[in-house]
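Across the two complexes that follow, subunit A remains constant while its partner is subunit B and subsequently subunit C.
Presenting the complex of A and B:
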């Protein structure tokens, strides 16, 4: 059930409809936005013994992503209040004591320093990559909903009224067996009759 | 002369092995014995009864038809415990799902059963896939035995699946790969670990961690076995909205055909060496195996071309913004009400938010850390500088790869025609910067430091590219090279091959080639 829900959630974000609305633009090839080592020119091809020489010297240090002991952490300061706010947003318990809170703050600050590096990249005019999907113009065309596709559905509509024309509600039974015949309470740990049970002291609003 | 590239691309399915008589009963018995012998490794979370497996193997062998049945028919396939099955619990190695049994099966499980595979059990993993050593599990960590009796990391998060294959407890296994979770354990345990292009295998019924990155991956001893499973599962699933539709699949299949007819008769396979993967903490043995793999393929007729993927240096940070953010959203549903486990007593007091107690007890520390980080990068004040910025850098990572491959990305409308002469066909680099660490080394490790293991696997995940880790054997060192590393502890290093989107069959073929020539080199 878990992932079924997740996929429904994903669908609302990545639906074909959105595909058709997205504008497609691609930067020209070879648009590099990085300073550092990217300017190094490597030979077009290497052969035999040159290979070992080529790989002898490393190009960068992954340790550079970690905060060094001497330099101050390059991360936004998180206050105790802010931490509690984030924990409430996450529906996670608040720290039990000062020590636990200090540890949480330290962890978060280390994580933020680690991920902070990518903020230095110049991303002007870059279209975010939100999901791996077919972004070609062919796909855009295929996923565009046209009147032709809706023809059958529209043909089934019955309109009533003479001066005020409106679509009549279809009262025929719809087959929902595959989606509605599941036991909603089947996986619940605590239930009474047809109800889930949640014990809470929180005042009802 | 027929080029390697032409050969590799014109045999996308490979030769099908035709057995004279299958040995399903014998194989199953041997694998079951091994499961019973090595329970200390904590590989499985749940197993079917021995009788049921043997019965299934007998049925398969009796009904076997030479012309009808090929792998994985009659074979034992293990499943990572975040893939839903209706006859075993599915826990994702989390306390919050410790008693959960799914009312339905994942599409990939249905497809495997449909092809006649026998489910060998559910394997241990890092909780919800969050980890690189399979130590963050509610059911205890996975352990791998080193040559000197030391306890080694099996890699993660699909460590149980990799160990089940490595210790011959099944024929092949499914894992999931979000940022390297199939390739990393494959490298540490010495098996093949394949992450297909994003959207080819169905994720329906696979518990989501970071949906824009999650893929189902395949672990096996040989590339042929991995391919047999890949061909079984590589079908559009209408139940998964991120599954690529038939028209998209047809487009890159027809492109592959077009490439064949244009012909590459004078061009051999062009292998790219991503220079940005040569980090200074790369273990000398890993670097050696990297050089060795390149040399072997050069001798086999390929040409080698250094390439630059500059966004690599930001890929890891980008991943650790995107994955936790998606995780905090995907895991928001776990409250133990409709399914899953609940904390005892009252949950939700004036001081503590509703379900905080259940979630605090149900989730392990690493999952809680990532949810919190995700909540931060999605919060109003940070979303632009963190989440959206990361999605933009993710685009740059994709463009990096598109810049070096000879084949244009089939998901993108190219602004100019590609020039097949300039790019490379496939990239070759290590899977992990080091050999498997010992579990004791990991005990006091800073959680952020563990993230660095994923530096070579994350870029292909961000771009959704097919990638495989191939175990490359290396000669046991006898001469002393400064005694930086222990000489005889390991016999394989994971070498990663990355292809352009949709070039999954090319990746599998080169993996097969590399695997066979690296093994021959030893003899």
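Presenting the complex of A and C:
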């Protein structure tokens, strides 16, 4: 709940400013993923020093979604086996001792508690936000791949065959100077000839 | 016990500049994974495939190895006598088992798209070039580099999906599939998991798609295609035992499509035909550069068996919406059509063996080596959740214009089914399904084009001789595939070596019965070896026109031969070795001037003199 308010506040702070920060002012409204609530109190307009003052104070912290020391955690039990599995998937080192493992499990359960709080937000009919980008229909239209955009690629093809007509792509080398003109192996710690070298063994099951 | 490897890993990491930490970490952590068999994720790379199984040995080498292994096994079996033969393997038992158990197969085919550039960078695609010659910053996940989707990669991808009857999605997007392996520097592969660009297609297998010309279910078989997605290929690894890997990133991020069929296949032959057909379709629309034999296409198969006639719809497994199936296993990285068929048979039989003996099939990933008798476990059950798929925030969704898709659809080259239907139609070309498919596949279609040209010349040349027209298609097919094909056996095809009008001319003389078949072959060989004279000129110069002998001349020649070879006559007459008549025919032909003796007439005369029954008409 707090998170919704925080976002809505952020919006109201910026709207009267006529900010030149294009990336924010151009965001379509639907980028704000949480639905506004009718009961929300909109703050009065703030200006000058008051604004600076307001921005230096924190009105909300992510801490509010984390469990307190005394509060029971709202998180599923994680087994040691499961923890090791997750660490391996992430290519992270396994705990060195029992103590470290207990700490990791505790951290993980706090994080899961946090995720649980996030999951309480009603997101029915809301598409997940994948990236901050213009999702208006105008923008989609602008990004649509058209014949014109494929003109060059299609121009590098020819039709071959007298009776059995086929398409053949011109396989002459393309100009790649702008992206291939760098020392690929320059930062390799180990190399053999033009190869990168790694040491790795397949695990035995 | 675990502590020391971890320290090593950490120490190593802390000293290193940022290069490719996932690789480094993976490499250093490997011993841990082997200490704990619970997860063995490292070889996930195989999933996305790339490269024939675990090495880059050429296909011919694999075949050779397979033959060797088979010989060795045969020797071993012969030595140990047949007393231990398992009862399941007799054909009758096998039939009974298959009556009881039904096989279900779903296929995933990965194909390298025919594009000039990689999927997310402007670097060139390449084969067989110096290692790491075509690599952009993003391709090896250099810090700060960003993906740039190359829209031109859509051209072959869309053509493939259209040819597979898919619905093209107006909007698709890319996702990250996470796993750590050195052939994939970002620590994730970019693929299309949530929103693939094409869905709900199908492939139809006709009798002509089977080598025998007969489909196992009689009539066409339709196999649904769940989706087609675009994704990145992985790097090429050269393994130097025991644990060193040389990495070439030329192939990394080469655009691939993955075609996923529904689990609707119940026969290994059908699965093989399906993969073969996909390959043909992808080639005919110019979507791929190379076929399976060149490593341009790789297949994974999901195999399960279930007991027939059981109402297990709510107890079985569900894959892609198909319910009531048995536990499946996945066999990865099959690099030939034969491997697809053999691996499915071996895995089916293995699963039935387990179930018949009261065991449980484990969900796992298995491998198959060409020529082996059984599949081999690679790693344990994997959960999709372990890949931690997430939408890639750095890549904007791909939105394709209707007009552009319509253009690609309308300009799609003739599909293989249409070409084969035309070629086997007795009213048009009258080829056998096998010859039709062969023509279509040879030399990327150039051979078919040449054939069509030969037929066109012949049709206009023989317009005054209508009784031969019905045979033109078939005869030309034979000459283009067999006679000319044999000459090109060890050389690269060229349509100008023997130009189509010259081959047509040879066939015309033959169909008009103006030269013998032997003369025709000789003429073809002369043209092939570079004789620049037109066929008609060579015939005149060499006096090769058929000059039929009189019946009297035939009889004289035959009589003389018979008298000179009493032993052979004895064989023929007394021992009934009638085939030896052919020897006399051959003698008559080689003893006389080119193009004078017709083998049919010669044999008739000989049989008459030897008082043998006349030839059986074929």
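In this section, the second predicted complex is superposed on the first by the 118 of 205 C-alpha atoms of A that agree within 3 Å, B and C clash if a C-alpha of one lies under 4 Å from a C-alpha of the other, contacts with A are read in each partner's own complex, and residues count from 1 in each chain.
By definition in this document, a contact is a pair of C-beta atoms (placed from the backbone, for glycine too) under 8 Å apart; a residue touches a chain by one contact, two chains touch by 3 or more.
These numbers were taken from a predicted model, which means no experiment stands behind them.
Using the contact criterion defined above for the overlaid structures, shared-chain residue A:153 touches subunit C, although it does not reach subunit B. In the superposition on chain A, contact is made by A:94 with both subunit B and subunit C. Counted by residues of subunit A touched, the larger count belongs to B, out of subunit B and subunit C.
Residue contacts after overlaying the shared chain place A:80 against neither subunit B nor subunit C. Once the two complexes are overlaid on the shared chain, A:68 sits clear of subunit B and of subunit C alike. Once chain A of one complex is fitted onto chain A of the other, the partner contacts of A:131 extend to both subunit B and subunit C. When the two structures are aligned on the shared chain, A:179 is found in touch with subunit C, with no touch to subunit B. In the overlay built on the shared chain, the residue A:144 is in contact with subunit C alone; subunit B does not reach it.
In the overlay built on the shared chain, the residue A:163 is in contact with subunit C alone; subunit B does not reach it. Note: residues 88-89, 91, 93-94, 128, 130-131, 133, 182, 184, 187-189, 196, 198-203 of subunit A belong to the subunit B contact set and to the subunit C contact set alike, using the contact criterion stated above.
Within the complex, the subunit A residues that touch subunit C are 81, 84-85, 88-89, 91, 93-94, 96-97, 128, 130-131, 133, 140, 143-147, 149-150, 152-154, 156-157, 160-169, 171, 173-174, 176, 178-180, 182, 184-185, 187-189, 192-205. On the side of subunit C, the complex with subunit A involves touching residues 2-3, 6, 9-10, 16-17, 19-20, 22-27, 29-34, 36-43, 114-117, 121-124, 130-137, 140, 151-152, 154-155, 171, 173, 178-180, 182, 187, 238, 242-249, 284-286, 377, 379-380, 386, 388, 391-394, 396-401, 403-404, 407, 411, 413-414, 419, 444-446, 448-449, 452-453, 456. Of all residues in subunit A, those touching subunit B in their complex are 1-7, 9-11, 14-15, 24, 26-34, 36-38, 40, 42-48, 51-52, 54-55, 57-63, 65-66, 76, 78, 86-94, 104, 107-108, 110-112, 114-119, 121, 123, 126-139, 142, 182-184, 186-190, 196, 198-203.
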